[in-house]
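In order of appearance the chains are A, B, C and D, and numbering begins at 1 in each one.
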Amino acid sequence: MADKNGFFDLSKKELSRRTALKGIAAGTGLALAPGFVRYSQAQSSAPIKIGFQLHRTGIGAAYGRWYEKTSAAAVKAINDAGGIGGRKVELVIEDDGTDPARGAEVVAKFAKQHKTDIVFGTLFSHVVIGSAPAAGENKIPYFVVSEGHHVASTKLNRYVFQPGITDVKSQIQSMAPWIAANAGKKVTQIFPDFAFGYDHRDYLPPALKAQGADVIAQIAIPPTESSFTKYFPQIPAETEVIYHVMVGPAVLTFVKELGEFYGSQRPQLFGFIDSLEAVDINSPGLEFLDGSHFWEGSPRYAQPDDSAAQKAYRAAVGIDDNGAAVGDPKDVSTAAHMFGCWETLYVVKKAMEDAGYKGPEDRAKLVEATEALKEFAEGPEHPQGPKSFNGKIHQCFGIQNISKVEGGKLKVVHKTKIEDGLYEPEGDYTTQAL
Amino acid sequence: MRDASPAKTYALHVGVIALLFVLNFVLPDYHQGLFARIMALAVFAMGYNLLFGYVGLLSLGHAMFFSAGLYGAGLTVYHLGWGVPEAFVAGVACGALLALAIGLLALRTSGVAFMIVTMMFAQVFYLLILYFAAWTGGDQGLVIQQASRVISIGGASLDLTNSTVRYMNALALFSVVLLITLAIVRSRFGRVLVAIRENEERTKMLGYDTVANKLAAVVASGAICAASGAAYALLFGYVGSSFASVQYSILPLLWVLLGGAATTLGPLVGTLFMYYVTDIASGFTSAYLLIVGVALILLVLFFPKGILGTIRERWLGWLP
Amino acid sequence: MMPLLTTKGLSRHFGGLRAVDGVDFALMPGEIRAIIGPNGAGKTTFVSLLSGRIRPSSGMIVFDGADITGMPAYQRVRLGVAYTFQITSVFANLTAFDNVALPVQRTLTDGRSKGAVRTGVMEALARTGLADRAGTPAGQLSYGHQRLLEVAMGLALKPRLLILDEPTQGLADSEIDNFIELVHEIAKRATVLLIEHNMPVVMQLADRITVFNSGRILAEGTPEQIRANTDVQDAYLGATHG
Amino acid sequence: MHFGPHLLLAALEGLVTSAVLALTALGLSLVFGVMRVVNVAHGEFFMLGAVLAWAISTAIAGHPAIGFAAALVIAPLLVGLVALVAERLVLRRLNYNPEGTIVATIGMLYIIQQLALTFYGPEARPVEPPFSYRILLPWFGYSGYKLSVVAASAILLVITWLVLTRTKIGLIMRATQYDRETAQAFGIPVDRVYAGVFAVGTMLAAIAAVLIVPISQAHYLMGQDPLLLSFIVVIIGGLGSLRGTVVAAILIGLSDGIISMFFSPTLAKIVATLVVAMVLVFRPQGLFGTTPR
């Protein structure tokens, strides 16, 4: 950095670099190390390689495990039906450790070493945001299943897409009418004091206001907190609804302590199931949630009116009617989010086939083909429901479920409309160069 | 002995820099990128080594200096639209100023208390980043757009997102810091630092103001770590609070101990080793942390002075 | 002639223990002064107060006309008060050269060339007979050589007052003879204050002797006067045999 | 809620935090005090205790109290056993070198964490409390179990104090802490003392974890916060001072609860951390340590 003269302006030397590469790399001992295997140009029959950036370790690991299962099931279904454009699909998995720095390295590794066609996966916002520059620089399409508003905010870049799950801003907005009409007009919000919580902090009050309801208190809780009781006195006595969105391993504690604090005389509770993904709703201490309501992306429990597509999806992924792994009722899935992996992979399939995708040289075409998508119909490829897609902000919008905890199960009591969650685009990725 | 082989020492360091230069043209794409990252982070380790290896001050808070550089550079580009060189200087200045303030306070303590105090100041810094999320992006962080990461001097422009330009910039920073470290170590100042590590009381009784010398070392260390952070932000386009977490205070300690504390090249070797163990192990198993853990324990059992430290002890006594 | 160093009512208490208790002391330039006294008499505490390693509870220290009572140790060293430790504390992991280079480089004000450091170091090592050990880590030197290295470091500070705390402890007889010669040599340029238990050494070296007992000065005078002093005899007999 | 009840609640919460913290920190303090080893993996032994508590309590059918009681006995013993093995295989071979043991315990941290992830999984899992009695106060309800944790911790601390001050074992430990060489010269088997101290130190953390796990679930990353907090407590309290450790734990636990009444939570943490840091800066020997001279 200190030396800025022309000496280091080697951008034009890419060619000589490559020549040197061919000459030397093969001859050096380095070539023996596993990472240094040279890949030949993909042939038309070679599988399409999808780099799967996965939370295998770190704080997101509980989600990661189910993202992996769902994606594997989707890939199997796609391959059983002939693959993408006649080519088989292969997932190449790298762990991002739920860490943004490692996330960026993993994206670079997919692009440059594994030479995957695209990168796919990952949930936690900071990993997506940390990885986005690497995707843009390597010009490799990056399909995320994160539900964060970051993609739609147009603060990332043209190579990042979120076509399989509705972003959180839209989710929140579409909850407001139901909350105001059914739960109460005076809402106290409890949310984690970091970005995921800020989306709720910022987007809920205006949405409720539009419905004639008010947020009367906002309680932010630090992400490192493991005990919550001391914050509860800040909940105003006139509160009619407590709106809670906690994530991370401490959420069970949060609910239990809320129960100890209020006992049976509690306000209405409305929460985002993010709090309790991968957690059995019948865990000791959660009895308190009985009768409360949750947002669910896709319902955890099988519903009486489930479509055939939904049933087939559940069977393919291997979850039972209670949303737990078949054969292990204690192994509860992250059903409300993981469907996004399934649907995203089908969007990739559609876009690749639309683009006539042959290999990495067609990545720009793939980006444009994805941006050209408008709607996804409900069906085996989109079992959660129909969606519209805005190619300018790279974000899809779908229906949301509101479920009530009844007899130890989550029962869907309301489905929102796509229109409930639409908002004015904040920018346009398509104006950026490819 | 100090002056036994200056020629050999300089030849070694210039040789390492030359080798890294050649590697740019030899390494496969992915490893070229990884090396750029490693060199940028090795600067972090070198800054840490200056304080830990040579002065013997074990800080558990260096993430704050790294992220002072990261945010100092990143936020000036993001919010103020500064150019890359100005932003880099801003980052280094932030780190140096922070180090001066922290040094004045923390140097009142020593030993384990110094460890804990630095760790706590770093924790405060981390929480401040979260608290001012409106500007810093909090835990999600901010993306520095590609268009902002271009150095333009006169008519020429250097695009830091180009892999070779990035590599060369990382190498330039690494080389400059390596040579600065070498110069410090071989200087009279370096001799005093080592003396403080070996016996502070005795050093005082030779007429040295050890507190002032330690403060100078803290500031130098903080500035170098901040240079690494600033480079990281500008080269890789992301700033986020995870770089200020305690994990990033432990990492440089680990890299330095692995490579060999109080060796000029140890930080590079340690960073390189740790990165490749993680990268290769994660290719074989998802339980790569296990392999990293076992590797650490084996290293410390059989190479207690780190890789270069052990080499120096057994074979090459002249290594600086 | 004005004294180089004086103390007035110098005291240091540790809890209830009065290690140094109201000492008035004066040292003339160029003399070799020995401090003797039974164990626990406060000798080491007294010289530690002079060097600034310990802060006095009360009293005053004047060096060359300036009040240095509140001055940090390193600044006293810069004024010319050098102190060699009772327990050998050379830098064991550094070479003899580097050990001596530390004081040499600090006193060098002329130029910044390496040559100047090297010359100064080799001169100090030569004076203590350690020139051929320059490259050896100090920790690997024999005990006697480490003591000499300690003295070389003190010398390299170009002190005006060199405080030696039991310099001959652990030295062999032959080494002691060399040492006495060395101190005479040093005294040509500096004032020497030494704590010493070895009475023959004291008698050979000291111009004057100060006797400490229970934190106070018991007696002061020439070696002959001290030898004849009955109080001193009592104190020593009482302390060592009682 | 009015100020009084709010304060009461904050204080109660602070006490629970303090109780668990005191036990965990005491373990760290013993290991550091006697062996001069900075056990970076201390938090992972804490986590191991919680994870084992889940495994044991779910394996035992019947009333939750039976499973919990079994966990309270077995989990710390298993953790102690693991610690003994680690001490013998690694720390002893390093001759308790301060820097070497830091790296080695970082290695242990990774190993234990990865093993927990592999065999226990990434989920947070709850353990049923032995009893669930809700104390109904005029203003709010409070968990009876939480108060029992405070009591249990207090009893354990008293026992530890008695062992350290009134028994031969305690004397031997203090002698070893004071001066390793001299202790050896007096025929104290320093090796065995070290092994025992390391095991007991981790067991205290494990007991704390078993006590807390019915309140906050077992999770493989739960070890980091207790580690940092324990470090702070140990240093603030003054090294090797049991009384200091307990007082510091109470101070930090309570301040954490009460400061959060006045500031926004993140700001509260910033303020609390700064205050503690400043205490250390201006009183480096801790509140109850004495200046070594």
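Basically, contacts are C-beta pairs under 8 Å (C-beta built on N, C-alpha and C of every residue); 3 or more make two chains touch, one makes a residue touch a chain.
All of these numbers come straight from a predicted model, not from anything done at the bench.
Both chain A and chain D are touched by B.
For the pairs B-D and B-C, the count of C-beta pairs in contact is higher at B-D. Using CA-based centroids throughout, the chain positioned farthest away from chain D is C. When every chain is represented by the mean of its C-alpha atoms, the one lying closest to the mean of all protein C-alpha atoms is B.
The distance from the centre of chain A to the centre of chain B, with each centre set as the mean of the Cα atoms, comes to 34 Å. Centre to centre, using the average C-alpha position, chain C and chain D are separated by 50 Å. Chain B and chain C have centres, each the mean of its CA atoms, that are 43 Å apart. Taken residue by residue, chain D touches two or more other chains at 114, 117, 266, 269, whereas all remaining positions touch fewer.
The residues of chain B that reach two or more other chains are 127, 130, 288-289, listed in rising order. Within chain C, contacts with two or more other chains are made by no residue at all. If touching chains are joined by edges, the resulting network of the protein chains shown has some other shape, matching none of path, cycle, star or complete graph.
Pairs of chains that satisfy the touch definition comprise A-B, A-D, B-C, B-D. Residue ranges on chain B touching chain D, taken from their complex, read 58, 105-106, 108-110, 112-113, 115-117, 119-121, 123-124, 127-128, 130-131, 246, 250, 253-254, 257-258, 261, 287-290, 292-297, 299-301, 304. Residues of chain D touching chain A in their complex: 1, 5-6, 9-10, 12-14, 16-17, 64, 114, 117, 121-124, 126, 128-129, 134, 136, 140-143, 215-217, 219-222, 225, 257, 260-261, 264-266, 269. Across the complex, chain A is touched by residues 24-34, 37, 85, 88, 127, 130, 133, 137-146, 151, 153, 156, 158-159, 161-162, 164-165, 168-169, 172-173, 176, 227, 230-231, 234, 236-238, 240-243, 279-280, 282-283, 286, 288-289 of chain B.
Here chain C touches chain B in the complex through residues 51, 53, 72-75, 77-78, 82-83, 85, 89-95, 97-98, 101-103, 105-107, 114, 117-118, 134-135, 153, 157, going by the rule given at the top.
On the chain D side of its complex with chain B, the touching residues are 32, 38, 40, 90, 93-94, 97, 99-100, 102-104, 106-111, 113-115, 117-118, 224, 228, 231-232, 235, 239, 266-267, 269-270, 273-274, 276-278, 280-282, 284-286.
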